[in-house]
Each structure stands twice: as structure tokens, then as C-alpha cells.
Amino acid sequence: MFLTALDLIGVFVFALSGGVVAVEKRLDPFGVVFLAFVAAASGGIARDVLIGATPPYALQTWTYAAVATAAGMVCYFGYGYIRRLAAPVAAFDALGLGLFAVVGARKALDAGLSPLMAAMLGMITAIGGGMARDILTAQTPMVLQRDIYALAALLGAGLAGGDYLGLPDALAAPAGAALATGLRLLALSRRWTLPLAPLDRDDA
Amino acid sequence: MFLTALDLIGVFVFALSGGVVAVEKRLDPFGVVFLAFVAAASGGIARDVLIGATPPYALQTWTYAAVATAAGMVCYFGYGYIRRLAAPVAAFDALGLGLFAVVGARKALDAGLSPLMAAMLGMITAIGGGMARDILTAQTPMVLQRDIYALAALLGAGLAGGDYLGLPDALAAPAGAALATGLRLLALSRRWTLPLAPLDRDDA
Amino acid sequence: MFLTALDLIGVFVFALSGGVVAVEKRLDPFGVVFLAFVAAASGGIARDVLIGATPPYALQTWTYAAVATAAGMVCYFGYGYIRRLAAPVAAFDALGLGLFAVVGARKALDAGLSPLMAAMLGMITAIGGGMARDILTAQTPMVLQRDIYALAALLGAGLAGGDYLGLPDALAAPAGAALATGLRLLALSRRWTLPLAPLDRDDA
């Protein structure tokens, strides 16, 4: 129950990120709702397809579509308001990141993948929506570019999915979510970034 | 038989849309044929992968590849001619949209999805090819931007896939196809569009 | 053993191509490793998802991730060096192209697809990584644009997957790989390209 609520909060916040981008890219209202759903559900859909759990959960339940539609309409009618809420939205987004990473890693473990690959699928669950959102708007995915986003998801998923530390499951999952969310929040507030590779000359 | 013919007409017309974009993006002849196939088959492939019906139908039959290759070669050798045919092509495209939406929705229902999600998968079947075509050419998908395209597919698929109106199946399918195709044709001829969300300032 | 070594060489070289693009697109170190993995593994992952062989092989083994991580770190720390090695890298890339095309076609045949579609899936295995790399960096995939790349993969995969020539399997596979690799190397060294379609006017 509590987990379901957290999950739907994650869906809502990720959907907001899709809706905001869609409004800025001048999609029509239907496109706004569609991109909101894509941003919220693509990570989990990719995970389910990769582990063979079809149809994906996000397409089996009506709740994802309903929550994403609500978020899309919020963006459509209240774009200016959402923009002013950027900071709280980023905090919720960090929460969604941690939660999705942990849920994704556990599902992958259940499907028989190794802890290392479960961590990778957890990360894909957490960042897949943002990647799909950016691909559909013809941008290099932001989640690969900055601010310790994908890395936070990978570390959290790895902690949640690995028993190598001897943690009981009931502890590993919240610890992983807390690690991913906390690392992301720290990176945001302290403006941590990873150093870019040096280029020989300006041929980017 | 009649349905198969309609299906292959849809494949041909969607493939034309991919071939035209490929020529304009200066792909080589092989790229033109490839993008024609992508535009025609990606929607159905995405649907089949999502419902676990692998290998996808479009990869099991040689007809899709043959028809898409023919369409690609038409675009390669007759680009100028195709461009002048833009209006009739748009009409056929509307026909393909309706047909693919209905076929996709029925397949999803057969796979056990709910009517709501079957409508969504019908829409994905209908617009997936155009989305893949635009993603591969680094554009924001046109089908999300204008002219009541995806929405027409969703409504048609919803009508075809839902028994909530008490329609018998043999009636719901053609009615759904007619709704999607007709709505799209009306939007084209009357230049209907949905209103965009207001931006606070010019930060798109 | 020998095949596994060749396979991992293919993974390494394809991963290098992803890492180089990631550095040039100014992704952070994590993004560099991620894009290296994407470039190396996406073709095989797409093939496995399409034939229903989930979880994909590239996510079941740790070797792909390890080799791609090594290649990504090479790109991150030694970008200038890799750039100077462009010619040898292109030769290895041609080797990877031939190998992946053949492996992909055989896997598809084993999954029950027709020879024609097996050839297509072999091509997807070989070019999918490069396509995913370019899509994630918002470019029209280079593999569709030039230098007889996808076509070489298709022909090699077709030779490897088709028994129509009466070749025994043990001969068809190496012959297919040699055809794809050799054709690609020839196209590179002699600057072969396919002619583009004429445009009526400059409306690209």
C-alpha cells in the first residue's frame, strides 16, 4: 500500500517531466499526455520487455495511464506554475529515481538475472523514461549528461539487488532507494558533477 | 483476403512516407528501403513485442519486406512524382491509420489486455511506424505534433476494441477504422488542430 | 573459444565507437561507459527481444558489460589516442560487422525465422548498436547513410543464413562473415558509395 503510493508518486513526477518538455516542444495536448506517459512508463516497459514479462505491467494496469494523463493535463493547463515548482519537482524526481531503481532491480533478480545485471536493469528502469522522453524530442538524453543521475540509480539498484553485503532483503531495498535518492539530492544541492574527458582539440 | 489487401495497402503507404523522408535526408538507396520498412513495420513490431508475440508478424512474413522494398524503390526512383501525389498519399495514409489501429487493438485484446490498454496498443500500432521514422531521422515525431493524428488512432482503436457500446465485433472493427480514418481526413481537409498550451515566456 | 574471442573483439570495437561519440558529445564518464555498452550490445539485445529470447544474452553475461566498460574507459582516458587509431579501428569494426551479422542470422534461424528474415535480423544485430548510439546522440544513424555498411551486413547474413547455395553450415558461416567484412573493407578503401536519389529541388 505504502509502496504503491510511492510508486504512483514516482509515476506522477516522471510524467510531469515529460509533460513539461512536451509543452516546451510545442506538442499538442494529446502529445503532452502521450509524452507524460512515455516519460513515466518507458523505463518499466523496457525492463519488462527485456526480462520477458509481457505484457508490461505499465500496460496491464490502468493506474499508470490515469496518473500520467493527470500529470500531462497539469502541465498543459499549468505550465507556468510547474516551472516555478522546479526545485520541489526535482526532489520528487530524486525520490522516483531511487524507488524505480530498487523496484527494477528486484524484478530483474526475480527473473533470474545476476546481481550485476539486475543493477543495470534497475538503472534502466529508473532512467529509461527520461531517455525515451529526450529521444522523442530529438535531444541527447539529459540523464547521461549531468549531475550524477544514472550513476546514482545504478549504485542504488546495485545495493538493493546485491546480497553481497549480507544485508537482509527487507533492509537492502530501502537502503538502495535511500542511497540513490540521497546521492542524487546531494549532487543537486552541491552541484556535483563528474569531470568530462579532455578533447585534443575542438572537434566535438 | 480483403483485409489482407487493405493491410498491404497500409504497409505500402506507410512505407512511402518513410522512403520520402529518407530521400530528403539523403540516405543511400539501401537506407531508403530500410527506412521504408521501418515506417511500415515498426508499429506492429512494437505491438507484438509488447504483448509477447515474438517473432513479430512483420518479421515472419516476406510480404511486408517485399511491399516496403517496392515502396522504397518507388521513392528512390520517383521522388518528384511522389511529392506531387502528396494529397492522395495523405488519404491512403489515413486509411492505413484506421486499419492499423483496429488490427492492433484486436490483437492486444486477444493477448488479454484490458480495453483501455488495447486502445493504447492500437494507437501504438498505428503511429509507431511514423514515430520510428522520425526518431531515426532525428526529428520530434510529427505524429505527436499536429492535425489530430494519434488521437484519431486512439479513438478508432478504442471503438474497435471496446464492447462497452454493445456493438457486435463484426461491426465494432469497421466502425473503429471508419472513425479513425474519417476523423483524420476531416482534420486534414478542415485543418483542425488542437490548441497548444500557453508558455509563460519564450523558453521553448 | 575462437568464436568467443572474436565476439568479444567485436564487442570491444563497437564499444569504442560508442565511447568516442560519447566523449565528443560531452557526456560524463558514466555516460561514456553507458554509450559504449549501448553501441556494443544493442544490436544483439534487439535481436534477442525480437525472437523472444529474453533475457537477452548481453544482459545474462558479465563479459559484455566488462568489455564495454573497459572500452569506455579507454575512450575517456585516451580519446586523442583512439582518434589517431581511426583506420585500424575501422578495420576491426568491419570484422565485428561480419561476425555479428553471421551470429545474428544463425540465432534467428534457430528461432524459426525464414532465411530472408534471418538475414534481416543478422543485419539488425550488426547495425543495431551503431543505430542506438546515433539515436541516443540525436543523429540520423550513420550506418544508414554511407559506405555500404548495412548492405554488407545484410549480404553477409544472407549468405550465412541461407542454405540455398547448397553450402554446408560450417562453410556458410565463415563465408558470410568474410563477405560482409570484405565488402565493408573494400568500400572503405575504395570509397565506394551508393548513388543518392535525385531531388527535384533543394527541399531536403
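Note that the chains take the letters A, B and C in the order they are written out, and that residue 1 is the start of every chain.
FYI, a contact is a pair of C-beta atoms (placed from the backbone, for glycine too) under 8 Å apart; a residue touches a chain by one contact, two chains touch by 3 or more.
Note that the structure is a prediction, hence the values are computed from the model and not measured.
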Contacting chain A as well as chain C are chains B
Taking shared numbers over all numbers used, above half giving same and below half different, the chain B and chain C interface sides are different
Distance in whole angstrom between the CA centres of chain B and chain C is 28
Where chain C touches two or more other chains simultaneously, the residues are 49, 52, 135, 138
In their shared complex, chain C is touched by residues of chain A numbered 49-52, 108, 111-114, 116-117, 120-121, 131, 135, 138-141, 144-146, 148, 150-151, 154, 193-200, 203-204
Counting only contacts in the complex, chain B reaches chain C at residues 22-32, 34-35, 45, 49, 52, 54-56, 59-60, 62, 65, 75-77, 79-80, 83, 135-138
